[in-house]
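Both of the next two complexes hold chain A, though its partner changes from chain B to chain C.
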Partner chain A sequence: MSGVGQQRATASLRHRLAERGVDAALLLLVPGLVVALALFVYPFSYGIGLTIQPTAAMQEQWGGGIFANYVAFFSDPFVFDSVGLTMRLALPAALFNVLASVPVAMVLRHRFRGKRLLTSLLVLPITLGTVLTAQGLLIFAGRQGWLNRTLLEIGLIDEPLQLVNNYLGVMFSLVITGFPFAFLLISSYLSGIDPSLEQAAKTLGAGWWQRFRRIVLPLLAPGLATTFVLTFVLAFSVFPSARLVGDAMGETRVMSLMAFRAFGEQNDYAMASTIALMMGAVELIVVVAVLGLRSLLYRGTTGGKG
Partner chain B sequence: MSDFESLELRGVGRRFGGVDALSGLDLTIKSGEFVALLGPSGCGKSTALNCLAGLLPLTHGEILLDGRRIDTLPPERRGFGMVFQSYALFPHLSVEKNVAFGLQMQGLPRAEIDSRVREAISLVKLGEHAKKLPGQLSGGQQQRVAIARAVVLEPSLVLMDEPLSNLDAKLRLDMRTEIRRLHQSLGLTTIYVTHDQEEALSLADRLVVMREGRVQQVGTPDELYESPTSWYVADFMGYRNILPATVVSTSAGEAVVELPGTAGGGDGARLTGRAVGGLAAGDDVRVAIRPEDFVLVSSGVSAGSPTGRAAGSIPGAVSVVEYHGREHAVGVQTGDTMLHARTPAAPQVGAPVSLTAPVERVLVFPEALDAVVPQEVAA
Partner chain C sequence: MAASTLERPLAARPSTWFVWAGMTAFGVFLLGILLAVVVDSFGRQWFDTWFPEGLTTERYAEAWDRFALGEVVGVTVGVALLVVVISVLVGVPAAYVLARRDFPGKRAVMLLFLLPVLMPPITYGIPLATVMYSFGLGRTLTAVVLVNLVPSVPFVILTMTPFIEQINPAIESAARMCGARTRQVFTRILAPLLVPGILAAAILVLVRTVGLFELTFLVSGPGSDTLVVAIYRGMTSAGGGEARQLISAMSVIYTATMLVMLVVALRFVNPTQLVAQVKETRDD
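Coming up: the complex of A and B.
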């Protein structure tokens, strides 16, 4: 059945391979692949392996054989409640960062005097480490901090406000570190929207709210979703501030703290890996859900330089 | 559609950081007129359009619609339609929804919006594409959507900012006809910005030629084409040969000039031409001649004879010949100047020739452009 129509390719093997994307440029992948294998794939697989090697004590307490750690995670309220506690911090923080960035980024699109100074001030906290932020918060907003002292002094309050070492403290810290990220991302998404679209909407009789609601927002929405996902992941893995300006054993008992407790205080690497893995799973669920919603939106060109 | 008598611009100006992008623009536009603002980039024509649309605030002057000031109104309350160079279609909305946008902003009932949108879309012949997104359309189709979106509101004035400059040459011709057809059939009043003189001449009832933020000349296409008042306008109107010269003598509206850049006896060839504006011997001037007005005489054999008195002749040599279908564009090198002419037959490259033209087709303008007083010619 040697086909007459089946013509043998006459190009060289090298040419045919290149046609299928196999050429020397593939070597550029090597450094990245090595790093990914050594620093991510191997440790990650190793961690998964650890989770199914529970300690004898765990197996005895929770049962479930090699899955004792997972049984413990879902059955031990002290551990499992941390999922909700982390969500209660990360979701509002991410939502606030995204929603607060939109109007600021909108205003900062226009040229005006002092714009660069203002932008720098807004982005500056990105350079502060979380520990520095936490320390600053303690000094500024603690019971003996400047803020409370000033407010007491001028008689606005009778006793110090409890702004740190609780849920609020961690929330402040998440906003301080997360907002610049969200603001920068949303600014760049906004600059990708062709300004003549808004001008066109103006000449068609749309006021500022209609222009925002009907033109800018729909074009910005995919960017908002991406920004939300990134700031959410950032906030979800909160650790230093949850410990330093939070209530580590109470309302800010976040998952990373629980993993650290298993690892550092109980020397139970297997349980620590299990909690870490579950952290990843919860983040993945939120990310997939948001990106799923995003796929329903218009994602084509926005006409601008972006 | 136009529901006004006249639109008046009085001394309209716009400054950017101490530089006048537009100054002293006086223009009265009557209902139903098609006015083109013509000039190179940076001449202020787009600034003028944006000021009219309200997208740029004025720094000087006022704009009156039937005597009512409108330059203080925000763009969304002026009721002008605008077609942008980049089309500026809303990429996330279908063709229908793009066209419906302005009607929805007016809060019209659904049924009326639907019927007017359908009408506008069929007007620009896009019925089968109504449900598509702009990204799925070709450039010409997108431009038609942009036009439909502007005219569906029955605006008192339609502003077009270089609407054809992103289209290829053939499509540009088609769309040009289309725009003129819509203007006439809908009874629109249109202000059209372009840098393309051919577009302006073929579309407009009246042309406004601009330079460095100022009006150079206003007139009908015929007036501008036949009697430009400055070499700058002449340059735009197809006088491709603009040559620096000095007046030798003047008499009865004519001037004899010397062209220093050309070959020929002494200080260059001498030509006689029609003087535009007051000239005196010794003045620095510019001579403007259209390529098609030149007559090429090769070694004693004329390729045609100048109708009327010859202005004199410039000797040179053929250096470039381009095929243009029924005629040839010929570049003739004379001295350090290249002259452009047109001939029916292709001359030999390198052949010695001389160029001549009828006296009334050789225009002599004062060198200085600022001396030209912009004059308004009634339509």
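Coming up: the complex of A and C.
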């Protein structure tokens, strides 16, 4: 008797849930959620917990009780300066990649012979990877590499330029790996802009610059912001190239190197997690700032249009 | 239309030249880097000259023995394939639910899958590696596969969700009306339609996994190093300076592996579809 009643109750509960979109199909989501929870959420919260369990040595050196790692992060200039050093690399690199992609994508928008070749040339660095790029840069742009040799030969310079093992080397590597990525994104955004808008502007007598400034740029602005964020994320976590073609203890002592130093060389997992979390925090600040700016820009343009 | 494409280059000529100059510089750098590594790997000795003195293929044999590359390449390919299979199996069903259903907490779930993509890998990589070591999984193949799943599964989900959204749900409804069960809808209706998308996502995951450095580096060790990590360790080891040609040979092997994988993969996927798919997802 009660069994029948219960069945009816569950049936109606199931029905009510199904109306809100909760039914057996949601089980398909379970494996994905398990992976995300077990491999991302759990370790991440564990890491946050670790940051407030500093080693005895840290507490003694920096004070601050359970927050000794954070005190150390902000007051140890060797560690804290890495924030500025990372920004000095990642911001200009991301900005350059985005700004250089716009004209290239604008020109490559049209059909022309050799477009496929050019596009594949641009996509090639994605398969090269940072490590091979680093090795190639060391040989190609090193003091005795082909680049310096050619410049010497044509008399542009008198002595070899120092292009690797410093800030410039890392910048080259960031541009080589980041530019194709930015270019792909920007050209996909550009292809989403209705060409008839530009044609209309042209009919009304707008010049090349006016069309770009008044039509393309406002429509592209949100895409530019997104691309900037994604390229920045890539450049921000620069690690192998900072070590291989940079000056790892000097001007390219980036945050990820510091985090890895604490993790792999000092085995101080708590401090390593602290630096890693701070990295996430710094990145988040930039991302939120850019996206905030984007929403301002975006509102402006749609307001003008509608 | 034809008239406007003919006219435009005239109007934009200086900028076009500027762009081509920039592209040429980029191309020179790119080809220079590639060629320098290839030439170096075949060189006997290369110091203060345009080209190495004498060519040899010994470097490859030497690097192969010295760094146990047979094992390393095996590990790289094995890990990459395993990661691709698992992330497709886990990611595609989740993407299906996110594309088709509306349920409470959907935004939170989306955010959960978006976070690992937006965060710097080191930020979650270091806590993750710490957990791996505390479970005794450090330097094992299991750990390497597991850490690679963290960015790959969300990547498959984020790529496949828009792809599934563009498949007309009426097809599924029709199948259901004809009496197909969920499993049958999946195997008979969705799977064939999803194949291009899945292959595209799989190729991208493959390329990313083979190229992923940070996460693998944190948990791998001898016997579980992938090729990129092995090259990095070769370059940074104490006596790294003496073996530049060996590193170059390894780098060439890496690029060759990558190219072979891409060529094999592209045999099964129409590249235009791949590009269109990439563009679509990145538009979001």
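To be clear about the criterion, the second predicted complex is superposed on the first by the 279 of 306 C-alpha atoms of A that agree within 3 Å, B and C clash if a C-alpha of one lies under 4 Å from a C-alpha of the other, contacts with A are read in each partner's own complex, and residues count from 1 in each chain.
In this text, a residue touches a chain if its C-beta (ideal position, glycine included) is under 8 Å from a C-beta of that chain, and two chains touch if they have at least 3 such contacts.
Keep in mind it's a predicted model, so treat the numbers as computed, not measured.
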{"item": "Contacts of A:Val287 with chain B and chain C, given as first, second, both or neither", "value": "second"}
{"item": "Chain B versus chain C as contact partner of A:Val41, first or second or both or neither", "value": "second"}
{"item": "Which superposed partner A:Gln199 touches (first chain B, second chain C, both, neither)", "value": "both"}
{"item": "First (chain B), second (chain C), both or neither touched by A:Leu219", "value": "first"}
{"item": "Touching partner for A:Gln210 - first (chain B), second (chain C), both, neither", "value": "first"}
{"item": "Partner chain(s) touched by A:Leu147 [first = chain B, second = chain C, both, neither]", "value": "second"}
{"item": "More chain A residues in contact [chain B versus chain C]", "value": "C"}
{"item": "Chain B and chain C footprints on chain A, overlapping residues", "value": "199, 202"}
{"item": "List of chain B residues in touch with chain A within their complex", "value": "53-55, 74-82, 84, 86, 88-92, 101-102, 105-106, 133, 135, 149-150, 153, 159"}
{"item": "Residues of chain C that touch chain A when the two form their complex", "value": "4-5, 8, 11-12, 15-16, 18-20, 22-23, 26-27, 29-30, 32-37, 40, 47-48, 50, 89-91, 93-94, 96-98, 100-104, 109, 112-113, 115-116, 118-131, 146-147, 149-150, 153-154, 157, 182, 207, 210-211, 213-214, 218, 228, 231-232, 235-236, 244, 247-248, 251, 254-255, 258-259, 262, 278-279, 282-283"}
{"item": "Residue numbers on chain A that touch chain B, as the complex places them", "value": "194, 196-197, 199-207, 210, 214-215, 218-219, 298, 300-303"}
{"item": "Sites on chain A touched by chain C in the complex", "value": "20-22, 24-26, 28-29, 31-33, 35-36, 39-44, 46-48, 50, 100, 103-104, 106-107, 110-111, 118, 121-122, 124-137, 139-141, 144-147, 149, 172, 176, 179, 184-185, 188-189, 191-192, 199, 202, 208, 233, 236-237, 239-240, 243-244, 255-256, 259-260, 263-264, 269, 272-273, 275-277, 279-280, 283, 287"}
